[in-house]
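In order of appearance the chains are A, B, C and D, and numbering begins at 1 in each one.
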Amino acid sequence: MEFAYLGPRGTFTEAALRRLPAAKTATATPMSSIFEILDAVRRGEVDAGFVPIENSQEGTVTVTVDELVGGDPLVIVGEVVLPVTFVLASEKPVGEITTVASMPVALAQVRKYLRRELPNAVVHQALSTAQAAQRAADGEFDAAVCPPFAAEAVGLPVQAFDIGDNPNAATRFVHVVRPTSPPEPSGNDITSLVVYIDYDRVGALLGVLTEFAIRGINLTRIESRPTGEGLGRYAFFLDCTGHLADARMGEALMGLRRICADVRYLGSYPRDHSDKPVPPPAGLSDADFADAAAWLDRLRTGGA
Amino acid sequence: MEFAYLGPRGTFTEAALRRLPAAKTATATPMSSIFEILDAVRRGEVDAGFVPIENSQEGTVTVTVDELVGGDPLVIVGEVVLPVTFVLASEKPVGEITTVASMPVALAQVRKYLRRELPNAVVHQALSTAQAAQRAADGEFDAAVCPPFAAEAVGLPVQAFDIGDNPNAATRFVHVVRPTSPPEPSGNDITSLVVYIDYDRVGALLGVLTEFAIRGINLTRIESRPTGEGLGRYAFFLDCTGHLADARMGEALMGLRRICADVRYLGSYPRDHSDKPVPPPAGLSDADFADAAAWLDRLRTGGA
Amino acid sequence: MEFAYLGPRGTFTEAALRRLPAAKTATATPMSSIFEILDAVRRGEVDAGFVPIENSQEGTVTVTVDELVGGDPLVIVGEVVLPVTFVLASEKPVGEITTVASMPVALAQVRKYLRRELPNAVVHQALSTAQAAQRAADGEFDAAVCPPFAAEAVGLPVQAFDIGDNPNAATRFVHVVRPTSPPEPSGNDITSLVVYIDYDRVGALLGVLTEFAIRGINLTRIESRPTGEGLGRYAFFLDCTGHLADARMGEALMGLRRICADVRYLGSYPRDHSDKPVPPPAGLSDADFADAAAWLDRLRTGGA
Amino acid sequence: MEFAYLGPRGTFTEAALRRLPAAKTATATPMSSIFEILDAVRRGEVDAGFVPIENSQEGTVTVTVDELVGGDPLVIVGEVVLPVTFVLASEKPVGEITTVASMPVALAQVRKYLRRELPNAVVHQALSTAQAAQRAADGEFDAAVCPPFAAEAVGLPVQAFDIGDNPNAATRFVHVVRPTSPPEPSGNDITSLVVYIDYDRVGALLGVLTEFAIRGINLTRIESRPTGEGLGRYAFFLDCTGHLADARMGEALMGLRRICADVRYLGSYPRDHSDKPVPPPAGLSDADFADAAAWLDRLRTGGA
């Protein structure tokens, strides 16, 4: 079993991959772009890909979603939500640091810390946190802002932990494979979709949300995106609570299939960090669907 | 095959029954109340009942609906919509009429005619239009307001035809039997239901209508009715376009079964006076439902 | 102050009128039809009309609603809900009664009682319960089914009280005047409307109900009625909780005015038998509307 | 009048700013982060800020939206939509290029071009397209992928124009000021909002969309975002068609104010590249709102 993941080694993605149960005994190969990874999965060169899809700082990783949607079908079969923490790595104590480096996205996440603790330090941009750590270890800069494992990898001491401005910062990664049936329902699953809608967006979007709402399915993410296929066609990326195998999810998906210009199923998989099963609302369990179907059968065959 | 209908002979109900194809070769037995008729059907003493359910003058015939709903299940398998016309039946020309009789409901429907043409005539109430015609034929009153066939039955000449104030007046009758599978879909059918809803009525009623609206099913009748079973439980009588055998109607009924306190199916049957089949809206044909179900099956088994 | 009501004297309508506070010191004139009463109000011959609008046995009194809607505007400014009770009035004890008379609607409401207690009595129809009582007092029949006051009016003893099959039976009457501003809000009011909708009924009806639902307004009655003005135009009679003076009712009515083919306002008035004020849902009080309007003003003038 | 914009000079942002009518005669000051720019506007150090808010490659510029929402109120009063085009800038003809540099986001947008035309070139990452162009001009790399003006700024010839994979690629920039009343309606305006919703997201989101849909307001963008303020509170960034001054927009905003946990108004402003005014749907013009308000006033004061 071979996973391709977004390299280089020593990044958050590798740290996240180590948490994925399915990757425990797998070979992990770093690749340099999301495109390469998904392409390798599509062509069967690797068994699975592992890529970031959403982070607290930048929202959706649009390139991941676009690459997932833009070619032959792929499905998500797992997710990992990794808390994002930064450290200040330096040979010097904080009071003596005059230059600090990191990649722009990381610098943006520690802005308040730097302003408060290192107001006079000169800030330099690097291409990655791993590169910043290496260049700090090489003495080019006094300090690097990077994840703990990046400091460790180059042997730099940590002068301050958890220096991110947002204590809830996290990145969400997904485990992607060629089309297959989804993992067994865990009782607390996400189903990811892209739906395409034409013309009047509020009315059509109301129709889509209604298919979920009447079946007690919640959304944990919604994002519109122009498709560039002419005026009036829009895509909506949706994460819904529930599993493809649920009766209510099945009926909702069939409803979308009928009313939307197109529906792209992206997978059903267990939520990370959510052990507690969430029972369906009253009247919406598989048993309720079975009862209603049996009743309809009785009516159709002349019973009461 | 034996029908029970609301007598006496010589009423609109008998005239309507003669128009029902299923009653062509049947025996027709008049009974004196809707209760008796439905009770005879329920106990198997007759094969079918034929009763008025709605008229332009008084709206729903509440007693019919209440008796349909209030006991063992019965289903409607046909309807007849009969235009209601009244004549002025008298031995005398209009100019010489000084007294006129009919039942109150009929008098209410010719009020404008009487005020215009017989402003000075004294109006008497009778228990039925047939009784009024008989008493006019007996010389007790100068004239009767009654249907054409009632005048004919007692040999009274007609002095004026079509004297009703509402030219579209009609009564709707239904053919009722013990539970059985519905007649084949005709392409223009009605499905009748009673749904019971608890508590918040607008929100719950919106939920019910949404089940229909998202599947392109229209309502041709809706009427609320307190159930008397404590505060907050209401019944809604609904006539919906479509047939129990339609995929979209089946799914809507299953939805109601799950969200309502109770659902009582009252039958699917062809509309009277409507030969033209009404195609389902785009995306809502049985073929569209089959396509969506096949797509879902593919997804669940790992296809795309 | 002069009221016209549906006579004759000694009926439920007169009994109900006596309960209306506004009629305490008024003159009450019986008239023989709902048409006459509303016509007299419209022409200014009387100050107010008092007519039945709904009863548990027959649902809406369609003729009242049609006459309210069909001419110059009138408004409802009050209601009375009168429990309907029937007695068995006779000079003889129950065991000796062999003939019993009443009007058909009353007989339908005591059917179970008659079947149980007088299974062998011959039942005769009369034109009103008052007439039945008189004819029983005259010795034409052994007994009459009538309201208590009708028995009292002709001096007949009561052999059995409360013989109606439905212990919750009641009739609702309304106090109708020429257009005027509504009575002060009581905290538990009804607003009555007729809305006209064209074409697609579920979608359009959903739109109407949505205007109420998003503002926390409930319906206590809904009834569709074909208008006879060609295919596809329907009227819906609605009773809504709340008062014309409420901000949320005002906004809902303005919404209906914009989306419906027509809206006919029939009045706002306190509910009978409902002393307890019902507070508006969270976020929907007049104060909430005022707060939102003030916020919008601030935004429009450059505040925040 | 002084604008702060996201520098350095020679970027897409400066090119876009030159297209903003309001900036024609203004001083333009480059700053190094979106935070700095908005902070300078908030503190009154500059009159206006100009920042990217959305691009075809990455979707919403989350940091812009977060900074707009996260401090004292600011409002958007204008937008510029700038087509994004890339060139291959080099002293050498395409056939001789062996190394090429650009920033990662730009490289992702020309991936197909590079694979097709320069399959063997080694790709290097730079911190910005301007930096890449400078380093190519300095001879460090053979070529740079950058906007036309960046090539021009460093005097590098263009070997290929319009090499982006997506011909509709564009970036949207906004003109931001301290709270003020919005520019006059142009007939084709956007209103930007953030709404905060608690708990059940589909139901609550349906409520929000319903406020727009019933008033004929469309969404051109929707994006959910966890707020990090505990489970169950979500923010939705919305761009709606219409202007704060429109009656229907005002009523919709008041509705949101009442039903949402919070609403943050971000401005009403004319759409860029959209000269054609879009008339409101039937029944939803300011005149229709005025008519409905006048009707309600008549009812409340006793008219009809």
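As a convention for this text, a residue touches a chain if its C-beta (ideal position, glycine included) is under 8 Å from a C-beta of that chain, and two chains touch if they have at least 3 such contacts.
Protein names from UniProt, one per chain: A, B, C, D = Prephenate dehydratase.
All of these numbers come straight from a predicted model, not from anything done at the bench.
Trainee: Enter the angle, 0 to 180° in steps of 5, of the rotation superposing CA atoms of chain A (Prephenate dehydratase) on those of chain D (Prephenate dehydratase).
Mentor: C-alpha superposition angle, chain A (Prephenate dehydratase) on chain D (Prephenate dehydratase): 180 degrees.
Trainee: Which is it for copies chain C (Prephenate dehydratase) and chain D (Prephenate dehydratase): same residues on both faces, with over half shared, or different residues?
Mentor: Chain C (Prephenate dehydratase) vs chain D (Prephenate dehydratase): same; shared/all numbers exceeds half.
Trainee: Can you work out the whole-Å distance between the CA centroids of chain A (Prephenate dehydratase) and chain D (Prephenate dehydratase)?
Mentor: Once rounded, the distance between the two centres reads 24 Å.
Trainee: On a C-alpha centroid basis, what's the spacing between chain A (Prephenate dehydratase) and chain C (Prephenate dehydratase), in Å?
Mentor: So the centre of chain A (Prephenate dehydratase) lies 59 Å away from the centre of chain C (Prephenate dehydratase).
Trainee: CA centre of chain C (Prephenate dehydratase) versus CA centre of chain D (Prephenate dehydratase): separation in Å?
Mentor: 57
Trainee: Mind pulling the residue numbers of chain B (Prephenate dehydratase) that touch at least two other chains?
Mentor: Those would be 210.
Trainee: Of all possible chain pairs, which ones touch?
Mentor: Taking the chains two at a time, the touching pairs are A-B, A-D, B-C, C-D.
Trainee: Going by the contact rule at the top, pick out the chain D (Prephenate dehydratase) residues touching chain A (Prephenate dehydratase) in the complex.
Mentor: 33, 35, 56-60, 62-63, 104, 108, 111, 125, 127, 166, 168, 200-203, 205-206, 209-210, 212-213, 217-226, 228, 236
Trainee: Tell me, which parts of chain D (Prephenate dehydratase) touch chain C (Prephenate dehydratase) in their complex?
Mentor: Chain D (Prephenate dehydratase) residues touching chain C (Prephenate dehydratase): 73, 75, 179-182, 207, 210-211, 214, 244-245, 250-251, 253-255, 257-259, 265, 283-284, 288-289, 291-293, 295-296, 299-304.
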